[in-house]
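To keep things simple, chains are lettered A, B, C, D, E, F, G and H as they appear, and every chain counts its residues starting from 1.
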Amino acid sequence: MDGKLREILMRIQTQQIDIDRGLEEIKKMHYYDMEYAVLDTHRQQRKGFPEVIFCQGKTTEQVVAIAQQLVAASERNVLGTRATYECYQALIEHIPVAEYNEMAKTIVIRKGEQNQLGNILVVSAGTADIPVAEEAAVTAEVMGNKVVRMYDVGVAGLHRLLSQTDKLLEARVVIVVAGMDGALPSVVGGLIAKPVIAVPTSIGYGASFGGIAALLSMLNSCSSGIGVVNIDNGFGAGYLASLINQAT
Amino acid sequence: MDGKLREILMRIQTQQIDIDRGLEEIKKMHYYDMEYAVLDTHRQQRKGFPEVIFCQGKTTEQVVAIAQQLVAASERNVLGTRATYECYQALIEHIPVAEYNEMAKTIVIRKGEQNQLGNILVVSAGTADIPVAEEAAVTAEVMGNKVVRMYDVGVAGLHRLLSQTDKLLEARVVIVVAGMDGALPSVVGGLIAKPVIAVPTSIGYGASFGGIAALLSMLNSCSSGIGVVNIDNGFGAGYLASLINQAT
Amino acid sequence: MDGKLREILMRIQTQQIDIDRGLEEIKKMHYYDMEYAVLDTHRQQRKGFPEVIFCQGKTTEQVVAIAQQLVAASERNVLGTRATYECYQALIEHIPVAEYNEMAKTIVIRKGEQNQLGNILVVSAGTADIPVAEEAAVTAEVMGNKVVRMYDVGVAGLHRLLSQTDKLLEARVVIVVAGMDGALPSVVGGLIAKPVIAVPTSIGYGASFGGIAALLSMLNSCSSGIGVVNIDNGFGAGYLASLINQAT
Amino acid sequence: MDGKLREILMRIQTQQIDIDRGLEEIKKMHYYDMEYAVLDTHRQQRKGFPEVIFCQGKTTEQVVAIAQQLVAASERNVLGTRATYECYQALIEHIPVAEYNEMAKTIVIRKGEQNQLGNILVVSAGTADIPVAEEAAVTAEVMGNKVVRMYDVGVAGLHRLLSQTDKLLEARVVIVVAGMDGALPSVVGGLIAKPVIAVPTSIGYGASFGGIAALLSMLNSCSSGIGVVNIDNGFGAGYLASLINQAT
Amino acid sequence: MDGKLREILMRIQTQQIDIDRGLEEIKKMHYYDMEYAVLDTHRQQRKGFPEVIFCQGKTTEQVVAIAQQLVAASERNVLGTRATYECYQALIEHIPVAEYNEMAKTIVIRKGEQNQLGNILVVSAGTADIPVAEEAAVTAEVMGNKVVRMYDVGVAGLHRLLSQTDKLLEARVVIVVAGMDGALPSVVGGLIAKPVIAVPTSIGYGASFGGIAALLSMLNSCSSGIGVVNIDNGFGAGYLASLINQAT
Amino acid sequence: MDGKLREILMRIQTQQIDIDRGLEEIKKMHYYDMEYAVLDTHRQQRKGFPEVIFCQGKTTEQVVAIAQQLVAASERNVLGTRATYECYQALIEHIPVAEYNEMAKTIVIRKGEQNQLGNILVVSAGTADIPVAEEAAVTAEVMGNKVVRMYDVGVAGLHRLLSQTDKLLEARVVIVVAGMDGALPSVVGGLIAKPVIAVPTSIGYGASFGGIAALLSMLNSCSSGIGVVNIDNGFGAGYLASLINQAT
Amino acid sequence: MDGKLREILMRIQTQQIDIDRGLEEIKKMHYYDMEYAVLDTHRQQRKGFPEVIFCQGKTTEQVVAIAQQLVAASERNVLGTRATYECYQALIEHIPVAEYNEMAKTIVIRKGEQNQLGNILVVSAGTADIPVAEEAAVTAEVMGNKVVRMYDVGVAGLHRLLSQTDKLLEARVVIVVAGMDGALPSVVGGLIAKPVIAVPTSIGYGASFGGIAALLSMLNSCSSGIGVVNIDNGFGAGYLASLINQAT
Amino acid sequence: MDGKLREILMRIQTQQIDIDRGLEEIKKMHYYDMEYAVLDTHRQQRKGFPEVIFCQGKTTEQVVAIAQQLVAASERNVLGTRATYECYQALIEHIPVAEYNEMAKTIVIRKGEQNQLGNILVVSAGTADIPVAEEAAVTAEVMGNKVVRMYDVGVAGLHRLLSQTDKLLEARVVIVVAGMDGALPSVVGGLIAKPVIAVPTSIGYGASFGGIAALLSMLNSCSSGIGVVNIDNGFGAGYLASLINQAT
């Protein structure tokens, strides 16, 4: 974009075009400045950012095609979320280096070595919450963060959490994944002075209303320092944790 | 009721009336058996049961009149809930022995000594939850239970609760009062093997929706052994705790 | 845990380690006191507590593996809830003594004789509510309680309930299971002075909203002495009833 | 309307106007047939129908003005609902025969003798529900029905209802008014084979959500033969009961 | 029941038992009066009442078994609602006279001639609402009412309704079935002075929320004289309409 | 209708019938005026109006039958919405000229040349929203409008929208289709001074609640000039846009 | 903005600055193109656009100050919505030409003659809906549209609407304002082929939930061609109607 | 705590007490380890943490008393949120150095110089959102962060935001405060690669439902990297932003 504007200015300077014509041509470049700024903004930390495919609702063919295109076009890692094993099976025929995490339902295609910055702790309340926690963990890892896991430490058995406070202390940001009563982020937030990202899950039945109970509990946490993402949004939590961990 | 039926039977036995007439008279007593059973059911533990006035929405005159009527008609304690201080002021002019609990907004008129059975522990998460907790405590006390209080021990500062586990261990039933995220009953329920009565409060703002967040959190507790009552229903919790404590 | 702390103290007493070293070792035992207290708390009534597997959402292989592990590791009964018949079929090949309750969808593996304490009455409004009622009944039985059933006595035909008040009078705690309008707990709570545990079910359609109508009805009961559990949570009701029945 | 059409036809018959002109004139009378039908429909039972003013949200001046206009223009009774006493005070200066029902918050201006047809029973669960019940009762009375009241017979004390089944049996249609758990219509509907109109009230707090709990309970009644009106809509219930009672 | 009481009284009269013994025996008959009253209440109009099976959620075997039992035990018609064609196929092998209405998904087994009383009009807004409308119509017919149908007359094409006002005028009670905006009952209620039973259906998508939009619209109708039943509850509407039509 | 009335008037004029008879015949034509008006109203812009079949929930046989009937009876285009490919396959055997749009799930049967009036711009936020956007676009095209598409320009990458403002400026009405946060219509509405029709879609998960989040966002837009249609209602948006574009 | 860019280009042309410096200066003007486009977009129909003050929640002093500023700075009309009479009283001391509409709660300060384009019809269901309808009407008038009013024509008395179809036919766009059941837009939309803007109002009580019932009804309208705005958003409806009416 | 344990160990080492006695004394110190860990955790960044008083719902006397107590007991700043001006007036009589921010409704009592770390940008959509934004800004400032404000840049006028992208680029974490459609965080999140904390406000009316619309919009943002706090929770956002900004 820069080049094009410079060229117009040069044509003005050298009298090839008059000012009215120059003005008109610049107007045609509508918004180029805006785009420039946006690209510039993103460029800084772009290295760790994955290309992301939300596989759910796409056909296997579509996922494979998009993945191939991204792999060819970009130097960044490619991350596929909510991918079935069938989808992965089809993909590795074309991209053999693709990895599958069955718990997280993620596909990762790595494009080189990755830094392992900071320390993001991913905590889950129950075993049923692990798929969402793993989606968060994989996302953060792909974005170049060191990730530590602490699973199945829900408040119904508090000693499981309390016996691992060292992990809490060492983390720079903590992701807490919980369904049902969504009480765990409040407990974790009360123990440490680090940013906590709370992820409600749809685990539960009856009056859990597909995760609303956990979501509301987290939004109303009596502990300070907690930000909440959408129900089951492990990807969003991992992404936000990475931004926090790498914020400069 | 018993007397009336006996009388009819005696009149049959002594031929004062024939069987058709007897049958008819008994039918007129429709449902007397049912009533008898109901009364009989209640009689067992009736001593500790208060006469209750829900003052909210009643005029001061109405409360005073009902209280006077109950005091005259019954040997049981009289309990007024959700009473204003103004209401109490008017009442003591007529019933000087009435007591007022400003936190609980309760009026109590005692009709003699009360046993102090069992051990009901009333726990509150925040100071703002204390009015509801006190309503529960006063209700349980008036019904003849020993009540222990443990206030302001919410999960945002877990050590406040954990440093008093002896009180948790000594209770026979625990009432846990919490607003906002409603996480405290899950933590308490995970620590002890006693019945827990969870009382959501309307404390909070925004997405607490007047107590819905706490209510849902409690209904979806990951700890077992928790029964939930209506939002702000301290009276109901104290009443249920008394039934549990005195169940035989 | 006790043993380990004693050992450290002995090594200090016998000068094998100095105080700084002892202090450090004790710190490594972080929270052991807390755990001790928790275990101690539970120990009292632990005998009747089952090991519980929530089978829904687990594969048959997972359920079998967990059950085998629990049977090997614990002296307590093992209870599986929300188990399919297929799951049970696979299980009895490995654990022939396992029992299946088709209504309750429960698997029970008994580890010896069980006391039959107290008297827990399980009441259901309609026949469609029986699976939830049975889950409650089986849970309470496995935990060592005597259970009496009274099914299909909804308020649309009140005489069915009223003709069995003797059962209501003999119970120490009553579980009332109802869907649709959820009116039965209010009626039962009005007849007796015992703790009532209300279980809303998802039975109904349209504006029952999967059990919300029954849930709200129960939370707003005009009868006192009612605690509510989550929609379809028969297990939770049976567990709470056992805690109440065995509270000491 | 009939007259006007006849006149046009006569002018055609007598050649005063040609057919095109007649056609045009009839078209100007657009919808007259429709209006005719509507009026005709209503005429049958119109005598008992009151002119109704919904006073809430109107100024006292507006209510007085509308009432004067209706009294002058119609031979029917005038009914004002949700009227304050202040409003009534202002009204009787202009219309001294106006009557006020403080419970129902209704103003009635009678225009002659009223039949007392059928038998509409109005049942209320609690004393707090009586204002809504009275609005229903007054509405039905003004529309020419005989109304019987049975108040404060909620399901928390079932014997109060059961001891008055004769009243239930004698009614042709029953209005049941209840807040909180809204359980009473189900019980009444289970006892009798008459049309039941259920009126949820906003009485309650917390999870009653301003009457939603009672409303849902009534819509999901396990008894058949129940129609539900809006929360606190005593007028609507009385109106519908009158239509049912007088249906021919 | 009557017989048993008479027998006790005779044994008292003839000194076979003393009064205490008689009293005790009567107490054992707890609630018999209540039952008597209930049965008596129902007896009046019982003839037209069907025995009803809610087939949804029952196995074909269960439906067949219940139907056979009802046919054997009662002189009343048998009505099965929400029945699949497969279920019907299995049933007619055992009960060849059973009839199936594919639209209404109802099974009817007639036990003799039926009166055709009154005139119940069933109106539906769209063709997709017809199954619910048919369930209402069949229910009313089985209960001995004359039923007239007027389908597909929604407010999007108002002339379809207005061209049939004669049917509206001739009805004694009108059932109006509508999904989506639920506007039709308001329009019908504004045209006639007859009881209207509004049935919201789950027809619609998006913000219809499975019938909530229609339900709320009907509860808030600006026309008077409308009672609402649960979403898709055609049976309930037909039942209530029959009670209204046959009320005496 | 006009013809029939004229004929009656002529029979009166020529004394074939007397006035009473004429009056009676006209009454039988109840509402004809109303219908006339309605038809007249519609006639103006009727040409572009398609005959519409909402295929969802109808069998393939029903769709084919209705389509054949409409094609035979009307000169207008026929539009089928929410049609499966299977349905289309069956249809073209009978109506070979039928066209299928796989994205929009629409079937179109054209009855001649169509004008291409105005300029309706259809904007979609994400690729997953395109099916709804296409339904809108096809509907508008079938109704005789020129349609321009601008897809996948959601606010997460604002430059995609801003680089195409010329399209926004050239449109006469803009349809904006978005799921998830539903933020796009606010942004578009802030950029232009044209009517914006916002279509929330059910795309999203968790707290999107099937499109409620997007719907509420659009109803509360901080930009003026936005009208909202039901969730996923592409047809409704295309229809409204056409009415706006062709309004005279 | 244009001027500034031209100046930079001239300085390049005349060698006062070199190209790098020019490039830098243009970058400082970030987004000027975007702004230009936006302004250009709006300019077309800008004449009729009012400057708008949402008075609710602002102090009288704030409203007066903003109004004075707008009057001084702009040639457009100034519109204040949701203004109290007190606010108006304070305003006319400073701006005597200000006009107040008590029904609409609007303040208008006119800056010259206004065209009266097109024909916008504003329809209201009940008298209580008139304030919202008036807000719409005043907004449309201030924006230079001819507005026709048709009030109190709700569906409970359909003939009131049907007798004025000529007004419906003459309008170019119709705003329909209704609370309670929100049924009127469906009826109007079924009668005419013009764009309909539906405005739900908060009029109603109980299950109207502050306008939700009407809102949902309108979103689910069975008539096509209806766009919905927020509850009570008369301003938004008037604004959108003006955009539609003046769209070119 | 450390001291006490060391003392016990020394008494064991020096044989002043035996091991059993030592064991017992340590058990009495229940949970001391836990508390130690918690304190240790917090100590790191404790300096910037304010002592916080949530003034809403407390009497002026209570606020003054708590503030005096905190000032005396702690070296940290004291922050009062949701404080009225009256409350502040009373406070400065006792603590003259207290400062009041009328927009934020905050009271701050500083205890010395504060670092100005990092760069937290607080963005608000509308002027009505500023009070919440200011609460966030003041909280972050009191915790030792440099705060930059960018107010009134809602998406209805996108150029206001786009012309200040430099501020977006310079921030380390961005707080975005918005009511109504809650669209701004999605736009900001799409422009930058920094953590975004979204704060929904209760600004709006009708279907904004007190901030639910904005809340849901933010939870469903199509941009990644956004954490959401409770409605109107400016304090929580400022607190979380500080944790992120100072995370090490």
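The working rule: contacts are C-beta pairs under 8 Å (C-beta built on N, C-alpha and C of every residue); 3 or more make two chains touch, one makes a residue touch a chain.
Predicted model, so just to flag it, every value in this text is computed and none were measured.
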| item | value |
| --- | --- |
| Intersection of contact partners for chain D and chain H | B, C, F, G |
| Path length in steps (a step moves to a chain that is touched) from chain C to chain G | 2 |
| Between D-F and C-E, the pair joined by more C-beta contacts | D-F |
| Chain located farthest away, centre of chain G as origin (C-alpha) | C |
| Chain copies touching (chain G, chain H) - same or different residues, decided at half shared | different |
| Whole-Å separation of chain centres (CA-atom averages), chain A against chain B | 50 |
| Inter-chain centre distance, chain D versus chain G - centres from mean C-alpha coordinates, in Å | 39 |
| Junction residues of chain B - those touching two or more other chains | 30-31, 34, 37-38, 158, 162, 165, 191, 206-208, 212, 215, 219-220, 224, 230-231 |
| Listing of all chain pairs that touch each other, if any do | A-B, A-C, A-F, A-G, A-H, B-C, B-D, B-E, B-H, C-D, C-E, C-H, D-E, D-F, D-G, E-F, E-G, F-G, F-H, G-H |
| Touching residues (chain side chain G, partner chain E) in the complex | 125-126, 154-158, 180-183, 186-187, 189-191, 204, 206-209, 212-214, 216-224 |
| In the complex with chain A, residue positions of chain H that touch it | 34, 37-38, 40-42, 44-46, 49, 162, 165, 168-169, 172-173, 191-195, 197, 215, 219-220, 224-231, 235-236, 239-240, 243-245, 247-248 |
| In the complex, chain A residues that touch chain G | 2, 5-6, 9-10, 12-13, 15, 19, 22-23, 26-27, 29-34, 36-37 |
| Contact set on chain B toward chain H in their complex | 128, 158-159, 162-163, 165-166, 205-208 |
| Residue ranges of chain B touching chain D (in the complex, touch as defined) | 30-31, 34-35, 38, 57, 200, 202, 210-212, 215, 230-233 |
